[in-house]
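Chain IDs A, B and C follow the sequence of writing; residue 1 opens each chain.
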Amino acid sequence: MGMKHLDEYRDPELARFLLEEIARKATRPWTIMEICGGQTHSIMRNGIDQLLPDTVELVHGPGCPVCVTPLETIDRALAIASIPGVIFTSFGDMLRVPGSRDDLFTVRSRGGDVRMVYSPLEALQLARLHPEREVVFFAVGFETTAPANAMAVRQAAREGIANFSVLCSQVMVPPAMRAILSSPDNRVQGFLAAGHVCAIMGWEEYEPVAEAFGVPIVPAGFEPVDLLDGILKVVGMLEKGCSGVLNAYGRVVSREGNREARKVMHSVFGVADRPWRGIGLMPASGLVLRREYARFDAERRFDVGHIAPRESPLCRSGEVLQGHLKPDACPAFGKECTPQTPLGATMVSSEGACAAYYRYHRNPDSL
Amino acid sequence: MTEPFACPLPLLRHETIQMAHGAGGRLSQELTRQVFMPHLGNAFLDLLDDQAKLTLPSGRAAFTTDTYVVSPCLFPGGTIGSLAVNGTVNDLAVGGARPLYLSAGFVLEEGFPIADLDRIVGSMAEAAGKAGVLIVTGDTKVVQKGFCDGIFINTSGIGVLRQEVELSCRNLQPGDRILLSGTAGDHGMSIMTAREGLSFQSGISSDCAPLNHMIEAMLDAVPGIHAMRDPTRGGVAAVLNELAASSSVGIDIEERSIPVRDEVRGACELLGIDPLHAANEGKLIAVVPDEAAREVLGIMHAFEEGRDAAIIGTVSVDHPGMVVMHTVFGSRRIVDLPAGEQLPRIC
Amino acid sequence: MCLAIPGKLLDITEENGLKMGTVDVNGSKTRACLEYVPDIVPGQYTIVHAGFALKIIDEEEAAESLKLWQELIGSGAFETGDELPSTDDL
């Protein structure tokens, strides 16, 4: 038995067919960025980059919420989680991310009540069960996760659950794409857009980006065949000199996306400027609580004083996140910086490009 | 009681563990007589002495200890008790020893339900029976509420080493075959999806089982097996990396040959966990000279706990110290050690 | 950035005023919030992310692209390197 809608897209024969098509079509060198860290992970895990013809180079994008959450926000999370009486909840992804000094696990070892949740609704359930405690949820994510986070906040408001709040670090893809394409160092000629972000957002908002910068943008899935289909479509468009948006993830992505999810997301969150770790402030790139929901903002609820984050001077994750530097070209890669001793968030998250390189892609001869 | 079998519990005056259950007085005695002895009683334990006096067969002995703190303590396919027995039995057996006697030390949290304890001790007796070992000495302590997570168990075990076998993780030779005795990741995913609060109801069953009988048969047939390990915490990936490092050889494994149960794979996909990183409690990895690999595999297949056994890879002279996976697509990637505790992820 | 896995909806329930359901992922079952896929019925496949169903999988679309690929492979055209108008026709 196989997993329906998953295993079909791991078919080696189909993958080989698409690879040959890509090789046949790519007559010149092309540089394509996969935006999403999940795609990076899948590419590395399946060794797709090794199988592509030399003409096609993949560079890895900033689509990992763990990697782009500012150190200041992580330090704030650690400070809030350390407050006696607080139950601090987070997706498993964020628990190991080091702040300036330690991580959420360390806070737990010192007596902080830090708990892992799989769904934001589990955090809300903890607030229901412990009305005498303050339950804080670390709401990280891109447009895929923001609707889930939004639902927890809306539900807290509806049920009058006053002991629930969220620490937001939510970001959006299109501003990051624009920033990458506007950079004077940009090498990216075409994009694989993040399929699950597009499941929510659709692809309308990518059309003006594709037009303004003259690039192909292809929403793609995460399985090897999905990725190769996406790459084939980008290469096909590049070879023909066309730009625009072409969907390679039809079973999940439609042009209009998921209206219901967007409605709730926009009713709870508004767009704001947002700093991205390693990259800097990007205008209109974040999602923060609207005024009507401001009472659920953990940042306002808990005064943790001034936070002065300290970044490692060695880490070049900003360049990695924008596709300017391959992880193994960072001088600290595999030396000062490993998943056990990460200097930057891109080495912590399993989606981070540095961690994916370290895990799957170290050159065996280099060890 | 209207139930057909005589449950000893109603005789106890408490439904939960009290501090006095660990104080050596009346309640301690009650607990021993009514929970521990009915399940575990044997000629050694029945004496209620402070020590067990054993006669060991001649030859070298193997001795091991491990402490179990798994949460939740009851999970599909086992309990912390069966885990504590099987874990120690397997630690002896993979070293080429015949496990004989175990000790069991309990740390109980005040307020722990005695009915759960009864179930746990019952599952220990069952596991010991299956493995053919005796629990010959034990101890119970009670700590205040909040000082431990319900129940912790330490088991130590003693066994006699077989004469002719020399198993060591430094023994790997290029050309050896890597055998995995069954599906990867069952226990780890069982525990992860059984954890309170997570939105799962998968009911994935742990693979918790004693492996000594199968190992005995394997070594009877092929005493020259080079190495054996049970891939518990850190999973198959951790053991393979250790083996490669200890023997300074490379290990190549085939993605398509690694058995994974359907629902385990489903849970792994959903939570973003690599089945090779998830724990097992009833599996072993054997490194066998190429010419004997088929024979050993056939023996494993004859046992329930080795039904899904497979040859998953080969030892090589290339990339010493590293484990390399050959994907179904024909690419290669490193199989790394898991970085710490396995955590479900959303991205 | 977003792990989302396909699974089959088994049932629909209500919890705290939210539409919820059980989703079967290869035999593993998980709870998911269905508020964002209001039209879903049991038996349909959806992708699940962070405890939320994000989208009902479009079976027709899926079947169509798979069929197209299989036809192309079946035609054997790619092995000979022949021109394949259908994939050029983007």
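In the analysis below, contacts are C-beta pairs under 8 Å (C-beta built on N, C-alpha and C of every residue); 3 or more make two chains touch, one makes a residue touch a chain.
Keep in mind that what you see is a predicted model, and the values were worked out from it rather than measured.
Chemist: Which chains are joined by the largest number of contacting C-beta pairs?
Modeler: A-C
Chemist: Return the chain whose centre of C-alpha atoms lies at maximal distance from the corresponding centre of chain C.
Modeler: B
Chemist: Using mean C-alpha positions as chain centres, tell me how far chain B is from chain C in Å, no decimals.
Modeler: Computed from C-alpha means, the inter-chain centre distance equals 37 Å.
Chemist: How many Å are there between the centre of chain A and the centre of chain C, using C-alpha atoms for each centre?
Modeler: The computed centroid separation for chain A versus chain C comes out at 21 Å.
Chemist: Any chance you could list the residues of chain A touching two or more other chains?
Modeler: In chain A, 1, 3, 6, 37-38, 64-65, 91, 118-119, 121-122, 141, 145, 351 touch at least two other chains.
Chemist: Where in chain C do residues touch two or more other chains at once?
Modeler: 1-3, 5, 25-26, 31, 49-51
Chemist: Which residues belonging to chain B are in contact with no fewer than two other chains?
Modeler: Within chain B, residues 199-200, 262, 265-266, 269, 272, 345-347 contact more than one other chain.
Chemist: Contact residues on chain B for chain C in the complex?
Modeler: 189, 193, 199-204, 261-267, 269-270, 272, 345-347
Chemist: Of all residues in chain C, which touch chain A in the complex?
Modeler: The touching residues are 1-6, 8, 16-18, 25-26, 31, 33, 35-38, 45, 47, 49-52, 54-55, 57-59, 61-62, 64-66, 69, 72-73, 78-79, 81, 84, 87-88, 90.
Chemist: Which residues of chain C touch chain B in their complex?
Modeler: Interface residues on the chain C side: 1-3, 5, 7, 22, 24-32, 48-51.
Chemist: Residue numbers of chain A touching chain B in their complex, please.
Modeler: 1, 3, 6, 10, 12, 15-16, 37-38, 44-48, 50-51, 64-66, 91-93, 95-96, 115-119, 121-122, 125-126, 141, 145, 224, 339-340, 349-351, 358-362, 364-365, 367
Chemist: Hey, which residues of chain A end up touching chain C in the complex?
Modeler: The contact residues of chain A facing chain C are 1, 3-6, 8, 13-14, 17-18, 20-21, 24-25, 36-38, 63-65, 91, 118-122, 128, 141-142, 144-145, 147-148, 151, 155, 158-159, 194, 196-197, 199-200, 222, 229, 232-233, 236-237, 240, 246, 250-254, 258, 260-261, 264, 351.
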